[in-house]
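In what follows, chain A forms one complex with chain B and a second complex with chain C.
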Partner chain A sequence: MLNNNSQIEKAVNSRSGPRVSRKPRGRLLPFLYLLPSALLLLVFMIVPIGYTFYLSFFNWNLIAPTKQFVGLANYVNVFTDPTNQKVILNTLVYIVLLVILNFIIPYFISLIVNFFIGKMKGPYKILFFIPSLFSLVVGAMLFSWILNPVSGPLALFLRDFGMKVPQWTNSGAMAIVVICLITNWKVFGYNFILLLTGLGAVPRNILDAATLDGIPKWRVIWNIVLPLNKGVAIYVFILTIVQGLQYVFTPINVITQGGPYYGSSNLLYHTYLNAFVLYKTGNASALATVTFVIFLILLFIEIKFVEGRKQDAD
Partner chain B sequence: MLTEKRNWGWHILLILIILAIMLPVVFMISNSFKTLQESYHSILQLIPSNPTLGNYLTLNKQINLLRMVSNTFLMAMIVTLGKVGTGLLAAYAFQNFHFKGKQLIYFIFVATIFVPFTTVMIPNYLVIAKMNLLNNVIGVALPQMCDATGIMLFIKAMEKIPSSLTESAKVDGIPNRRIFMNIIIPLLKPSIISVGAIFFINSWNEYVWPTLVLKDKSSFTLPLALQNYISSEGGTNFPLAMALAVIMIVPPLLIYMVFQKYILNSISSSGLK
Partner chain C sequence: MTISHGLKRVIGLLSIVGVALLFAGCSKSAATKTTHITYWHVNAETQGGASVNKLVKEFNKTHKHIKVTAKYNPNMYQGLMQNLQSAQASGKVPDIVQVGWAFTNYFSDNFKYMTPTDAAQKFDKSKSAITNNFSTQSLSFAKNAKGKLVGLPYSLSTPILFTNDSMLAKYGIKKSSLSTWEGVQAAAKTIKQKSGNYGVYIQEPADTWAQQAMMLSNGAQIKNSAGKAAFASAQGVKAYQLYQDMVLKDKTAIHTPWAQGMDDFTNGKVAMAFTTVAQASHIKQSVSFKASSQIAPTFKGNKLTVPVGGSMLALTSQDSAKQKAAWTFEKWLYKNDSLLTWDKGTGYLPPTKTALDSAQFKKYLAANPMIKPATQELTNAVPWTSFPKNGLDAEQDMIDARDKILTGSNVAQTLKAAQEKINAQQ
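Right, the complex of A and B next:
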């Protein structure tokens, strides 16, 4: 910040052109700055959303020159096809597990670090964050090594106690748990830091006053801290679901490919499978549109609680 | 005070968590220097008794490592420069101008963060295929060159610059592009570094979209190459896969070691609304 003045001087001295402001061009100027990002988002985000919606009314295989209009058939299929129903149910299981592993547990740990351990926050932040730097493919490889039923370290360790690691890839439920644990390994530190930062913004004096009045610590946290930190918490909660459902794609594709019998698949992976493995573009587009609507609802929850709170504060 | 001194129990719990998340990585590094035989028989021996570079040499024979590293680097670099560049320009527009529809445009931008990749992947795949960019890292990078997260973070950083600074420059008749280039960008350096570092690391690790675009092995990035070494039927040669994973984690770790403080600050501020 020290070189502010010299920066201005440099800017002043290097200015060319007249001092008069150019009004007509000035009005278009902000749009010029917005142009690159707006163009990219339009071409690769907004138009594709519309086109996916359009494709969801057709039967197509991604290659054929003609598309067959089928009306709402793909949407009916989303909710009536037994595989799709299984996948939707799996998605709900994923959401519950992701919220427990990637939101509730990091929140609990961030409360401990913020309120129970004094001034040692720095090293924990730095170390917890490290797996966030690594690819989920690395995580998937590490977990399939650790949990390898034949030669993995856990299997060798348990063998001494006469126990075995189950063939977890043969069970949809167990595979889902392992896949969620892999994303937990990656995002735990990230979510922990977001939540800890939120807690750091809770005014200290309120807490100290409450503690002086002899109110037990956990009640202070429950009645004062958690409500005050609601904005950040809901943001991380929504992020956990939105990002988590996309994060699990990688370990699913690397380890189970959605199996056994779609047992570990979810809405997003099933969309990919329909689009690029089974070439059922219409089905995939309907699934993608349903996912989009679910995420949109989550976005509105986020706005209602988080952005709304910001405006109140302003 | 809410904090007290008798808290060893909590420290032990936290240290156990650190061990749980870090030990797999430590053993991964250690096992990458063991032969398949040794890794099987002394799986939890931290220091290999006969450290060998064999896995790394085998990797280099089986795949074109240098090419994959440069593919990954090129892709991550294009994505990072794109996201930082478009993000800075857009943030400046939102922060320094009043224009019609600003609120709405900003809302649409931020809402794109919530769009699941499956909703856009089919049309984007068709566009990239039509542009003849399949099996090309540019095809991976192009659709990702704008990220609303970056715009939000840069706006937050720009809010900290005293408005008197840009206002007085405007009064002096300095054109916006000079204010942007000579005042804003130099002052934003820490945030450009940290946001850029985060974007680079994320792109370096990216897996989902590249699997759709890059089918030809010679165009693979490192995560795709690693996936090829993990067999879903068991029988993965783990020391070999671990050697590749070690190569993958070194650049992000180095970036983190140098810019750790900046990166954590940016992550923190992304959550604070």
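Right, the complex of A and C next:
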């Protein structure tokens, strides 16, 4: 028999495993467990980010023994150089297009598949997911061949109907659209499955209750499903932008090399061009730091609006 | 106790790593007799990689005390330069590397290397034993802005005009009329009018090699004797103007990335392609029409001048024994048999006099007539322009100028702006 509270506490503690947190040596254990990932994070993330920030104040070609300190000149250059301005503008265009192609459209289709289509959900998932398994280099080469305006299969097919494929590699805007379509081919299935899984997690009883009350489907989606699925949606939204801008790098590199005249370049490709083609490490580091800050702001928004609200709700 | 259990595991793991290190040390000390060297190249399996492996295998078989390991670097010479930078930063450099002509000055300014002259002096006790086999002209390709020989020319290429003879014959165009750019322009117009197809594609990779060939063959200079950019001359402008007119006014030349442009030619949608001789075997394998090649066109009344493409071999070893081994390997690569294996596998032209004149190479040319015009051009070849300072920036400025001109910018103004930008950095 347990007579009083202290006895109960003792008994509970003895059953709940070793009391590591109370002993000084035991307190180290969680840190020891964290050490490998913390070390990896330090070596591969924090140190390089710090070093990039440091390099952004210098002119350096990556191997010369001396680095020339230039203060904020590289940052001034990021915002005043017409080429950089063009590239920043392109980056915004990429973001808008990527959000439409890789977030809004997959979301729309996942809603249709989840709420309006009864059968064939499995095959849809598989079909949409297949391209995610291929490398983007393969995708880029495939699209470059299919969409070749002069001798590609699409051009030959359209010729029979008296139509032409425009010379999309000669126009920055069209090249951006095609490059976004290539990443769309790759990312669509993955985003679709994430969003569909989110929709599947919406409690069935709420939906059933709404159906019983005779509420139209679009209202159920708008007022119940979308707010409940907000966490997943914003996660995919941020992923679309951050990962999408990195994904477009491959087709840019394979097909246009940022051309015509930086028309299809974006911040990430331009950073690469400066760093590893022209070896202007300072410029590249300043560009990378600006990109990093932009991503940081996006992450802040995600934390504030998604994870913050969740905590409030808890 | 959990901690002591964890500690035991850590100690166990450390001892395994220790034993592994010990064995690694043993293997190193046991192998002191053989010198291991690494050779960095840019040849993917489809671009002569097989012949690199064949050569290395053969060398290793015949040389017991040297073991060469070949390492493929993706993304051509630029990719190799990037990897070399990381290697230099980590202190573990390869022993022999291929350096693209456009990188000559960048390489010699930033990396430690042994010149072929020093290597010959040190290991053969003769300054000219190896260089004697090269013409003064081909050695000039491998010199930096200060006139110092950085490496030995290894792969040579020149731009030539490939033609779709079936299409030319169909529309009554004589191949002899294609020896001038004016003739090419007229032929392209005829093709466009009669068939709706494009007349010509001029290669547009991430360099302006082919465009430089056009300007040079109109008597323009890319760089003057003082090392300053000089391409915005009347001759340079005229050459680019004809190119712009063909693309924008006549709409007889396609402006498109390299891979697409070559597809258009091999699919029979363009009558002519002005590109490197290294495309010969790809064209031979891909076309279903009669294709041939001829010497690069010039502008009327001007002498043919083409920039040479390809690469040199440079010694980057820092250790004397390895330098000696790398030099032995390099000399072996320049033997006629080795060079022919290499050239057959890649489509490049041999850099030495003896290999060019050898019966084997002549036999190879007879079997591959598309390569012949390129060898004839070698006497008219000049080094690929490599600006002494900020050369990589300069190349990018020239690419930017090409992009602008082909989308409609004023030729004279654009070239002048690019020239001034380059010269401001010299």
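Rule of thumb we're sticking to: the second predicted complex is superposed on the first by the 280 of 314 C-alpha atoms of A that agree within 3 Å, B and C clash if a C-alpha of one lies under 4 Å from a C-alpha of the other, contacts with A are read in each partner's own complex, and residues count from 1 in each chain.
Following the convention adopted for this analysis, a contact is a pair of C-beta atoms (placed from the backbone, for glycine too) under 8 Å apart; a residue touches a chain by one contact, two chains touch by 3 or more.
Quick caveat, the model's predicted, so the values are computed rather than measured.
Aligning the shared chain A places chain B and chain C in steric conflict. In the superposition on chain A, contact is made by A:Leu29 with both chain B and chain C.
Shared-chain residue A:Phe276: touches chain B and chain C both.
In the superposition on chain A, A:Thr183 contacts neither chain B nor chain C. Looking at the shared chain after the overlay, A:Gln257 reaches both chain B and chain C. Of the two partner chains placed by the overlay, only chain C lies in contact with A:Ala64; chain B stays clear of it. When the shared chain is aligned, chain B comes close enough to touch A:Leu245, but chain C does not.
Once chain A of one complex is fitted onto chain A of the other, the partner contacts of A:Asn148 extend to both chain B and chain C. Set against each other, chain B and chain C touch different numbers of residues in chain A, with B touching more. Of the two partner chains, chain B and chain C are each touched by A:Thr169. With the shared chain A as the reference for superposition, chain B clashes with chain C in the stretch 261-269, and the other listed options (225-233, 243-251, 261-269 or 369-377) are free of clashes. When the two complexes are superposed on chain A, the residues of chain A that touch both chain B and chain C are 18, 20, 29, 62, 141, 144-145, 148, 150-151, 169, 255-257, 276. On the chain A side of its complex with chain C, the touching residues are 18, 20, 25-26, 29, 32, 61-64, 141, 144-145, 148-152, 167, 169-170, 255-257, 259-262, 273, 276-280. By the touch criterion stated above, chain B contacts chain A in their complex at residues 1-5, 7, 10-11, 13-14, 17-18, 21-22, 24-25, 27-28, 40, 43-44, 82, 85-87, 89-90, 92-93, 96-97, 99, 102, 105, 108-109, 111-112, 114-127, 142-146, 148, 151, 165, 168-169, 172-176, 178-180, 182-183, 186-187, 201, 204-208, 211-212, 222-223, 226-227, 229-230, 232, 234, 236, 238, 241-242, 245, 248-249, 252-253, 255-256, 260, 264, 267-273. Per the touch definition, chain C reaches chain A in the complex via residues 2-3, 6, 78, 82, 85, 88-89, 106, 110-111, 198, 206, 254-257, 259-260, 263-264, 267-270, 392-393, 396, 399-400, 403-404, 406-407. On chain A, the positions that touch chain B within their shared complex are 1, 3-4, 7-8, 10-12, 14-15, 17-21, 27, 29-31, 33-38, 40-41, 43-49, 51-52, 55, 62, 109, 112-113, 115-118, 120, 124-131, 133-138, 140-146, 148, 150-151, 153, 156-157, 169, 185, 188-190, 193-195, 197-198, 201, 207-208, 211, 217, 220, 231-232, 235-236, 242, 245-246, 249-250, 253-257, 267-268, 271-272, 275-276, 281, 284-285, 287-289, 291-292, 295-296, 298-299, 302, 306-307, 309-310.
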